[in-house]
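We just call them A, B, C, D, E and F in the order they show up, numbering each chain from 1.
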Amino acid sequence: MNWHIANPNTGQAMSDLLVTTLTHRFPALDIEVTTSPCGPASLEGHADEALAVPGLLTRIIEAEHHHPGCRGHVIACFGDPGIAAAREVARRPVIGMAEAAMASARLIGERFSIITTLARTVPLARRLVREYGHAQHCGGIHASGINVLDLDSDSAFQRVLEDSEQLLSADQSDVLILGCAGMAPWAPGLQERLGRPVVDGVSAGLQLLVHLDQLDLSPAKQHDRALPIDKPVIGPHSHLYARLHEDTRS
Amino acid sequence: MNWHIANPNTGQAMSDLLVTTLTHRFPALDIEVTTSPCGPASLEGHADEALAVPGLLTRIIEAEHHHPGCRGHVIACFGDPGIAAAREVARRPVIGMAEAAMASARLIGERFSIITTLARTVPLARRLVREYGHAQHCGGIHASGINVLDLDSDSAFQRVLEDSEQLLSADQSDVLILGCAGMAPWAPGLQERLGRPVVDGVSAGLQLLVHLDQLDLSPAKQHDRALPIDKPVIGPHSHLYARLHEDTRS
Amino acid sequence: MNWHIANPNTGQAMSDLLVTTLTHRFPALDIEVTTSPCGPASLEGHADEALAVPGLLTRIIEAEHHHPGCRGHVIACFGDPGIAAAREVARRPVIGMAEAAMASARLIGERFSIITTLARTVPLARRLVREYGHAQHCGGIHASGINVLDLDSDSAFQRVLEDSEQLLSADQSDVLILGCAGMAPWAPGLQERLGRPVVDGVSAGLQLLVHLDQLDLSPAKQHDRALPIDKPVIGPHSHLYARLHEDTRS
Amino acid sequence: MNWHIANPNTGQAMSDLLVTTLTHRFPALDIEVTTSPCGPASLEGHADEALAVPGLLTRIIEAEHHHPGCRGHVIACFGDPGIAAAREVARRPVIGMAEAAMASARLIGERFSIITTLARTVPLARRLVREYGHAQHCGGIHASGINVLDLDSDSAFQRVLEDSEQLLSADQSDVLILGCAGMAPWAPGLQERLGRPVVDGVSAGLQLLVHLDQLDLSPAKQHDRALPIDKPVIGPHSHLYARLHEDTRS
Amino acid sequence: MNWHIANPNTGQAMSDLLVTTLTHRFPALDIEVTTSPCGPASLEGHADEALAVPGLLTRIIEAEHHHPGCRGHVIACFGDPGIAAAREVARRPVIGMAEAAMASARLIGERFSIITTLARTVPLARRLVREYGHAQHCGGIHASGINVLDLDSDSAFQRVLEDSEQLLSADQSDVLILGCAGMAPWAPGLQERLGRPVVDGVSAGLQLLVHLDQLDLSPAKQHDRALPIDKPVIGPHSHLYARLHEDTRS
Amino acid sequence: MNWHIANPNTGQAMSDLLVTTLTHRFPALDIEVTTSPCGPASLEGHADEALAVPGLLTRIIEAEHHHPGCRGHVIACFGDPGIAAAREVARRPVIGMAEAAMASARLIGERFSIITTLARTVPLARRLVREYGHAQHCGGIHASGINVLDLDSDSAFQRVLEDSEQLLSADQSDVLILGCAGMAPWAPGLQERLGRPVVDGVSAGLQLLVHLDQLDLSPAKQHDRALPIDKPVIGPHSHLYARLHEDTRS
């Protein structure tokens, strides 16, 4: 494994979808998709994300522990859950799919719009747009009203296609960002039909890892990105920091 | 219990400190301080916070489940860990101590400065200042260099006092915010010595809960504050949503 | 008098309305509502506010002079007229009703919308939203088209109720803020009908004073909040600073 | 009178200074400097400004009432006190000296610094810089520590000269803005000695009035700039709106 | 020539239009309008602007070289092409027509709207609004859909008139800004028909030059406004810096 | 040629340096570095950039015309001169080295600092930081005081190394960005000595092109990125648009 795609939910179907999509799209890359060992089956809100993060951290630490060749991690959920925490525990780069999608969109258009799943995820995306500094370049954030677990259907694709045509025009936007990892397979098809660039953040995150690797850029490990201090941790993740610092000592 | 102070770390000493401080300061209030059942002994970074949040959510759900009289929750850690998630699972108001401290400071001064523990927490506070909309009114954020677990000493108090005098003057700030729950007991003493308002966010958060209660204001439970969708959750917190929705049905 | 509600206009009817509303809502608090001794009968613009402020400052200084037990002041007009000046002359906290409403709304929802009286007050509210740092969280500001002096009718309530339902939905907002002191009595009724939190800033300001008092937080009296310099003042308010500094000397 | 310079304080010496300075500098313009009929002798804080504004509004209304040829008004105090209110009551343009200074400075340099009188005026200037949209181009705001009434001395000039040299360099600023009407006479001398552009806002405001006049641009009189609604006003300024609307009817 | 209006495109018709408009509007001013010696016939995009700028710089340098009495330059194209470069090569003030229009609009209204030519110029105007610090005061930017070269017709005027009425109302804007030099002749007529202030940036830029001149304010010539370093330049503009520095030496 | 590195100045030495650096660093990529056919020998200001852009556009158009395999363009100058214009004329992605450096730095650290050449370039970099949305994450921008053409020396390297150590610490920054293409060869050496990530924007831009290519993302060609309108162009670049549209037709 060189490239670790961390699916932070516990839905194996999503991981399988990502394996299929990414290995087909990037056959030369040694990719592994992990599924979170604990937490919700899909992430559609702050609490879902919060419950998912410890499992995500576990998978990231394991990936670096068991695979010395691991070159970096993508968080394959549009809310970029736990990204700051993941950056503390990882020695290699960690990239969020929302972050990757927005950074990539800005390179190919002046304004982007985002289409997400349920309306409740819109405020989460709004916050990320601000945090990543793209507020001036975001034309709009729109919910398709489709549940993550219902994305896998032709009618869902058709609905997102129709919505996207309208919203890109109304927002005067150049680029469409797919606001859910489950939409990753749609990017080429939507792009062809819409005649506009369509960004899937999982692919974008993966390629940004390759980018950093080519540049020989490793993350700063200081300030709020330094390894967590080794301290007593109670409960199901009590082993996490110990393993982390064990790696450091060895 | 009317007022729930959720200590999101697993350090019982911090909880005891808060009980002593708050019951002495607000004897008329029926306060309960809970300690997180799992996670790190102290929170000094993003990963610490991430591991702490599931335990925090548990305590919040339990508080509302077991104490129908529970009027609200304070997150007693300056990073306001898990605040958005807590607002999803709680029916009653949730207030973060950083949020409360900054909102209160703005009412009594034009500019505030923050003193935190370790340097690694400074970027976390910087992010909160931006998120809460106070960037124009924050004179500076400074690390005392003192570890959370070492706060309980006279020399620590003395050092923070001296640092604060200097930084308030250099920042042209009117108000000092204490950037750690462990500094809560110091507020009156520092305020007297400095001759300037000093805000402890735990006390501020508690009183803002009372404030909301007096106004009969309950949280909006929609958009990204609606209850989490009831879905399968794997692992140590698999019961959480079930209990939450059970409450709803009953 | 412990809590001073300063109605900055000269309309006695508004003061009576506030007395009735607040004493009914907060029977345990020793509240006094004062009416400005000079200025316009209602405040619906910048000039109205400017003419009202000297009278407001007079009432604030008198309240502290004659009532040593005075714990703080609310400016009961949504434009928060003269708030900075009031903070210079007062030794106790001064809170504006717009400031209080917005700070409270942010604790219980991600986005708020404001409903005001006449269209000419919308730009004033827009400016306050920016100044207080809430631009990212304000869904919209809307005029009901109702004159302050015409608020006291069932049809006015009905109209605001209908408008509010629509605008909250269009703005994707969680909380409604009432943009006029004259709407204060409506808060509970609107909240019940809308099924969303509705914030009256006068009540919110009053409770924030209690909040600061419980925290033993007095305002910073330095920089632009220091007492005005004692200097010659000509005309109707020539006595104001003298009285203020007399209090200081005694 | 074509051009009305409204000195909003009651210090006749300041008005005399402005008459001398402006008539010498712009001999072709028919200028009148008025002194406020009521309020403080100098303006060095929010309360000073608030007490000064009704007198300022009076002078502005009188100027348009008695002088049909009046082409516009400058508020000759760096805090731009009452500018929004003045814009409501005036039919002709009103320009604040701070607003004029900053707008002019931006045309001749990338960054400006401001030197004011007492430290307590610094937060006022900071707020204006934000409000007028120049936060990204303001290198710094500095107090000279000199009281308005003590500006008229060689040592004051010398001190400001020395301070300015240092602060322009430290701020990497291109332009110096004089943060008090009382510094107006210094602009040419300072500019010569510093070798950098130095902006006096009173002169700048006057010339911006000429600018608008040449362009035949009259103020929008709608939204929050419409004439105040004619309504009962109690006390010393009870006549103000009546006169204003009398003008309208005639 | 005292006042240099630099038409940065190579369309002589536009220059003629500006001569006619400006000399009629400001008969007392000694104005010269130059046409760029090279570049596109009209400027409707970034590349158009980029190709136009070297010719613009040439005209600016020539104006100062041949006309010692030249007091300043207006860039007569709404994108303010090359303004930063022009400010390096010029010793006298340079003002962009968009910059001038926005600064003037802010003096007479709280919010402005812009009407431009083709839709492709809207993002350019959006960027300028941000850069000049007016984002909070811009109600909207709208394309009329009319090509620059087709502006000279009654139907074009009529269409812009109708669009403007609608958009000012929808944007809640007080002032209309004409987003193309070719609309300059329309300002008085539109203003009369709309009953709202209408700003032509070429006239505004010209009068702001007069304004600076009256104030004896010359541009800072340091930091990024210092003369370009004299260095080898290859190609059609190889003589430009040499001439510039020759002027300096002499 | 797959990857076009456009050196926008006419200094062949800089191009040679980039060829050496990039082919050594990325031997598998088919890179071509072009030198601008006209303009200044180095770019250290706005006018330098303005004179360079037409040559840059020429090289970009030629690259796509003569090399159907051309996959994209990097503008190898830290000011990102002409980036918006280049994006209009290019059908393939164009990336600026400053844009690339900042986007990459944000992926591996919370805050970055920039070191440039001469002080006059600092305001240019400041503007880019704002435009690209990174103002909240830029710790500082610093001039080394070294002229572009003097970069090629051991003493220059040593001086930048020493400066960088200091400024990263003072700015509390995690990442160093090299603010000049001429510093490209230093990145690995500085990174090793500083123990912190050091970003060369030319390499970063090149790899971001690869990134976009892997994602099959082509630029939006609409709004302000649509091909320039085919119109008469006078002078040395009169052929540019014709060639461009000839390509379209064929």
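Points worth noting:
Methods note: contacts are C-beta pairs under 8 Å (C-beta built on N, C-alpha and C of every residue); 3 or more make two chains touch, one makes a residue touch a chain.
Here's who's who by UniProt: A, B, C, D, E, F = Aspartate/glutamate racemase family protein.
Every value quoted in this text rests on a predicted model; they were computed, and no experiment measured them.
Between subunit A and subunit B the centroid-to-centroid distance comes to 29 Å (mean Cα coordinates, whole Å). Centre-to-centre spacing of subunit C and subunit F amounts to 53 Å, using the average Cα coordinate of each chain. Residues of subunit E in contact with at least two other chains: 110-111, 122-123, 136, 172, 223-224. Under the stated contact rule, the graph of chain-to-chain touches falls outside the line, ring, star and complete shapes. Working note: touching chain pairs come out as A-B, A-C, A-E, A-F, B-C, B-D, B-F, C-D, C-E, D-E, D-F, E-F.
The touching residues of subunit A, when paired with subunit F in their complex, are 26, 93, 95, 99, 103-104, 106-111, 132-137, 172, 174-175, 188, 191, 196-197, 199-200, 203-204, 207-208, 210-212, 214-220, 222-225. Of all residues in subunit D, only 122-123, 130 touch subunit B in the complex they form. Against subunit E, the residues of subunit A that register as touching in their complex are 110-111, 136, 172. Residues 10, 37-42, 44-51, 53-55, 57, 82, 84-85, 87-89, 119-124, 127, 131, 223-224, 226, 228-229, 231-237, 240-241 of subunit E are the ones touching subunit F in the complex.
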